[in-house]
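Labels A, B, C, D and E are assigned to the chains in the order they are written; within every chain, residues are numbered from 1.
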Amino acid sequence: MMTKRVREILGYYDSENPGVRTNLARFLNHGRLAGTGRLVILPVDQGFEHGPARSFAVNPPAYNPHYHFELARDAGCNGYAAPLGFLEAGAAEYPGELPLILKLNNHDVLLDERDPMPAVTGSVKDALRLGCAAVGFTIYPGSTARQQMYQQLQEIAAEAKEHGLAVVVWSYPRGSALSKEGETALDVVAYAAQIAAQLGANIVKVKLPSAHLEQPEARKVYETARVALEPLSARVAHVMQSCFDGRRILIFSGGAKEEDKALLDEVKAIRAGGGYGSIIGRNSFQRPKPDAITLLSRIMEIYAS
Amino acid sequence: MMTKRVREILGYYDSENPGVRTNLARFLNHGRLAGTGRLVILPVDQGFEHGPARSFAVNPPAYNPHYHFELARDAGCNGYAAPLGFLEAGAAEYPGELPLILKLNNHDVLLDERDPMPAVTGSVKDALRLGCAAVGFTIYPGSTARQQMYQQLQEIAAEAKEHGLAVVVWSYPRGSALSKEGETALDVVAYAAQIAAQLGANIVKVKLPSAHLEQPEARKVYETARVALEPLSARVAHVMQSCFDGRRILIFSGGAKEEDKALLDEVKAIRAGGGYGSIIGRNSFQRPKPDAITLLSRIMEIYAS
Amino acid sequence: MMTKRVREILGYYDSENPGVRTNLARFLNHGRLAGTGRLVILPVDQGFEHGPARSFAVNPPAYNPHYHFELARDAGCNGYAAPLGFLEAGAAEYPGELPLILKLNNHDVLLDERDPMPAVTGSVKDALRLGCAAVGFTIYPGSTARQQMYQQLQEIAAEAKEHGLAVVVWSYPRGSALSKEGETALDVVAYAAQIAAQLGANIVKVKLPSAHLEQPEARKVYETARVALEPLSARVAHVMQSCFDGRRILIFSGGAKEEDKALLDEVKAIRAGGGYGSIIGRNSFQRPKPDAITLLSRIMEIYAS
Amino acid sequence: MMTKRVREILGYYDSENPGVRTNLARFLNHGRLAGTGRLVILPVDQGFEHGPARSFAVNPPAYNPHYHFELARDAGCNGYAAPLGFLEAGAAEYPGELPLILKLNNHDVLLDERDPMPAVTGSVKDALRLGCAAVGFTIYPGSTARQQMYQQLQEIAAEAKEHGLAVVVWSYPRGSALSKEGETALDVVAYAAQIAAQLGANIVKVKLPSAHLEQPEARKVYETARVALEPLSARVAHVMQSCFDGRRILIFSGGAKEEDKALLDEVKAIRAGGGYGSIIGRNSFQRPKPDAITLLSRIMEIYAS
Amino acid sequence: MMTKRVREILGYYDSENPGVRTNLARFLNHGRLAGTGRLVILPVDQGFEHGPARSFAVNPPAYNPHYHFELARDAGCNGYAAPLGFLEAGAAEYPGELPLILKLNNHDVLLDERDPMPAVTGSVKDALRLGCAAVGFTIYPGSTARQQMYQQLQEIAAEAKEHGLAVVVWSYPRGSALSKEGETALDVVAYAAQIAAQLGANIVKVKLPSAHLEQPEARKVYETARVALEPLSARVAHVMQSCFDGRRILIFSGGAKEEDKALLDEVKAIRAGGGYGSIIGRNSFQRPKPDAITLLSRIMEIYAS
């Protein structure tokens, strides 16, 4: 039976067909956070994005693609996201065990450009034959190649929705227009969330914003309008606002492995700021499975509380 | 977590892509019989097949398409099957609440031919945009128009599977080649199950067979090979055998409204004969909802025992 | 501003995209009945269906295609429906003056078969380039050619909805399976409404039902379930019920020119039975325009009251 | 009933099919200026173009996509224009409440090139399924990337018109060929209006021109021919002239938030110069809704007078 | 290493692309007869063609689709042919264990017409995704529906070869033009082999011919030219001659279960007449597996000698 909160969230997607809404409901009604309107998703694209040893050497069982299906399932995540190969290597063995997201573009760092452009590495048809509930796509606002990414996303999102799949967008500002610090600046992250939502994303993923402000024109507005920069929960709330006033599912990533205490504090801030949840990659699969499940449980407890 | 029995059943579908297996798993893991390897499905195509008053006048709330979504959900059925209009009238309001089957062909009796040919009334794309887990298709072995149905099914099944949807086939012998009694004759029903499975059906639905034998050549074999005609559970077992030795999900329909006692005895025979379950239409929606839920609960208890 | 009733009706179409809902809203919010949830539509396909003289000789200005655009507009109808030629001959001159329905199939009586099969005479693309809000399609349940019509409708409806157009279905039982009296029998009309709705029609049009019951199996049910056959409003209510319990817009046609008194009494019965409105063709354009407007005004007054 | 002026304007579009004319009529016959031949349109693409905080922080309710549908509707605007995400987030809830324009390309300023190239972020199919009356497209004459934009527009406009949608072009000179002052120079704005009209735009939007003249060759002609540079209404009249002598709907944008007095004076000048109207974005949604409605009312009063 | 005989046979197919030749080589180089230029193939389509009990009741393990993969593999057959469902139910479990033939059309006898027309029940795409080496197709020369079969075969064969699959044609004269005895008449069987070869079959399968001559015009020629009617090996040689003088692989079926002695004598005659081999269905799977393997071994010994 659907909870009031899940029904409310699905109501934000009234323009989508029942297929998209069904798949959004699958994420919202799966795992330990089922029905709460909160989500914790396991993403494992680092093997492609950063290379296998940087991703898995610290916890060698994670080299095995089955490991991640089981980690996501056993931890009670709402979904699992990965590139084509990882999903092909397990979708048949774990059919319907949790909602899957096929990441349709990926970028490696054997050549790491200042203005990166990911390659399209899968298709909507792949997502359908693998039984996925959604497709995922990364855009890099701030890159000189961003138009091409936006246009690829426009075509993929239209095809995905027509076939009833939800669309998840990783919106990660990067590129020659931005300082390193600027990639997680509050104004830039908020802008990145807005762009993803305007491009038709059903679920948006951004990095947690810092209190830095990157763009001079934006800085003026933030100061004039007295947009709160502290604490973190206020920044989360601002990014939520920037993502259609909370009418699009917005989740935050924790980035590289860090102290659990810091991570859990971030989760508390996301919850306090009204965020929908977290996407926890390296912080979960780069430690032994029991530890990862313990950490994910603590995160889910915070969201469920 | 997937039960051993569900995993075993999914193993029968190793040639299907993970999408099809995911959707089969959705049926097997939903509702009160989740994980048991048994299924009870609610089909409501009688409004089209027999007309609205013959279908719903005895229980007027059933005129409302929402009624059936709620009946199937509240009774804990594994799935709900209906034609395009009924699904369009509720799929957006009950997204992901239970696995749906879009029946892609239908036949009305304003003109009731000796050799009936249903009309194709929906498409694989409709099933995808409505968030269905499967498409359904009826064939009438014994009708002079059967080749056309088989070929329509061949094309629809290929397209459905390519998009990760499961294929459910209603295999109902009818037509000028068969006597009325022959439509449910053991040899004919077993043959109909075989044909559906050979056509690539993932789930096969047939009527419960009588002890009658229709075809002279078949009768000889049944006598020579001493195929048991009694009790009903033996006939169920024979039809299971004829459906790839139980390696395809085979469910039985109860037909028109009958005494509950008789219906429950049939269910016991299906269970004893190793059948996968029942599709219960008129016997459930042609009585008040509480009574229907009571009956369906008793049926599920038998299967779960 | 949308009335509560219009919002309620549009809610029945939650599975449709915003384009279809926009065009349904156009009908519901246009003309003298705007906002009431009732509709009076002018259809003029009789020139094709019955021939020009039988249609227009009694009121010669009606030979002119502009006449009907103006009649529908000036009378405050919710919409105007006609075949390709009539719309092409006026759509450019009356752009956006009222919602148009392009009738995509038509049948002439130069050859009047027992089992008629209309020809497809226009396309969804025609409807779009002519600025229509909907396409119309006629089916003849009871005709041996009905499967072909259902399948044509299935394809046309899918294409129309994908392009944001609403789908109006004329469901007129005819053919060798039915007696002349049976074409308007209560059981048959209710069945025809159900079939159109199951095929995905957004708006269904049927003839007013008589108290006759045509099919023996249906007659039994009507008697057992004590479905009221009198007065006319009870029959209207039964057909509404049969059309997804009123969750699809269902309108009634008045047929050939008759006494105004009788016609207005019929309208009162439609209103009392909860019907959505009327489609008034020959009764309006086969009399002088001022008289037609007077009659249509009186009809609209009844619906608005 | 269509006014003489609207009929006259529609007459300028005799080469377009009735669908395009119907949708143009929808804009001309909607809202407080219905029938006057004048238009005030609400555009909200700044969330994408300038970022959310710069757009909405000053009036936080404007973060919510529903806000703009209601502002445009309640103020009696002729239409509302926005990118895909904003329309998807409301089209289903406000079906048919006012004519919508889907902006099919957008540009963000996380990277702000000297020669900007917007990304295509939506499609004609999106516009149809969302129930839009028009598509919008931005070109930057003066950018080295302009040919690509013109060619994208050519294809999109052809497809849109074939499907009965009107085409609105934002023609904003920008790029390495122009000085900052030159972007609003009279000769440049007039040229930009001409280019948009030549590319087949049905509605053209430009910025209000200054009295500056950018291009030397043009300056000579303006001086020789004594084209009036003052007052503003004369410049408006010249741009109208340059836009097919007023035979294309041409509206002007007000740019960033400014003093109401100055804005209203501009509107008076547009009216005096024969302009069709205004597109008022930031000046309306960057203030509290009641104030915005007051301002828009005063603007509409000027146009209606 | 390829034998000289296999190389010679493959040389007959020089016009086929390397893909088709590769798949023909797979049959010729697989199993106990690998390299001999002889073939014994297991076909199991009787479940569809005659019904499950008539096919499998005498040896119940044969109801299980896996049984046949294992029988064909363990007996050392050159290939295994079956309809879609049987291959789907095992292709994933026995990948590459022996060359597979997907039978693309099938006929059931729930309705057994005088002029039968099989239904197309699979596609070239199905054969590719199931890893088959060939497609199979049945034609009934002598049936009034034969043109339709020939045309279906033409399209399927072209598509199959384009994708590198070999084409196997079952050419079984049947229909209102032939007496029962005529179906296996020497002139008719020879003619059927010729038709299949002319239609582009790579492998032709016919029934063993009797000494009967069916067609008066043919009989005259047979008598004039003194074509030998006895012994059986002479008839085999004549059919080989009629099948492009042995330049197409031609194999013979044994029909219903008969005495082993008779069957082995037939095999000897096929060998003596220069035939390529046998297709042994019911005679193998309608007895216990060890017995079947014994029989198939004796047959292969004859061919290998």
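Basically, contacts are C-beta pairs under 8 Å (C-beta built on N, C-alpha and C of every residue); 3 or more make two chains touch, one makes a residue touch a chain.
Predicted model only: the values in this text are computed from it and were never measured.
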Minimal step count in the chain contact network, chain A to chain E: 2
C-D against A-C, pair bridged by the larger set of C-beta contacts: C-D
Numbering shared by both copies at the chain D-chain A contact, with half separating same from different: different
Chain whose Cα centroid lies at the greatest distance from that of chain A: E
For chain D paired with chain E, centre-to-centre distance based on mean C-alpha positions, whole Å: 72
Chain centre separation (chain C, chain D; CA means) in Å: 39
Chain A-chain C separation of Cα centroids, rounded to whole Å: 49
Centre-to-centre distance between chain D and chain B (centres being mean Cα positions), rounded to whole Å: 57
Junction residues of chain A - those touching two or more other chains: 14-15, 17-18
Contact graph of the chains (line, ring, star, complete, other): other
In contact (per the touch rule at the top): chain pairs: A-B, A-C, A-D, B-C, B-E, C-D
Partner chain C, residues of chain A touching it in the complex: 14-15, 17-18
Residues on chain D engaged by chain C in the complex (per definition of touch): 1-2, 10, 14, 17-26, 29, 73, 91-92, 95-97, 125, 128-132, 162-164
Footprint of chain A on chain D - complex, ascending: 47-48, 50-54, 56-58, 60, 63-66, 83-93, 106, 108-113, 117-123, 125-126, 130
Residue ranges of chain C in contact with chain B within the complex: 12, 14-16, 141-144, 146-148, 150-151, 154, 158, 173, 175-178, 187-188, 190-195, 197-201, 215, 217-218, 221-222, 224-225, 227, 238, 241-242, 244-245, 247-248
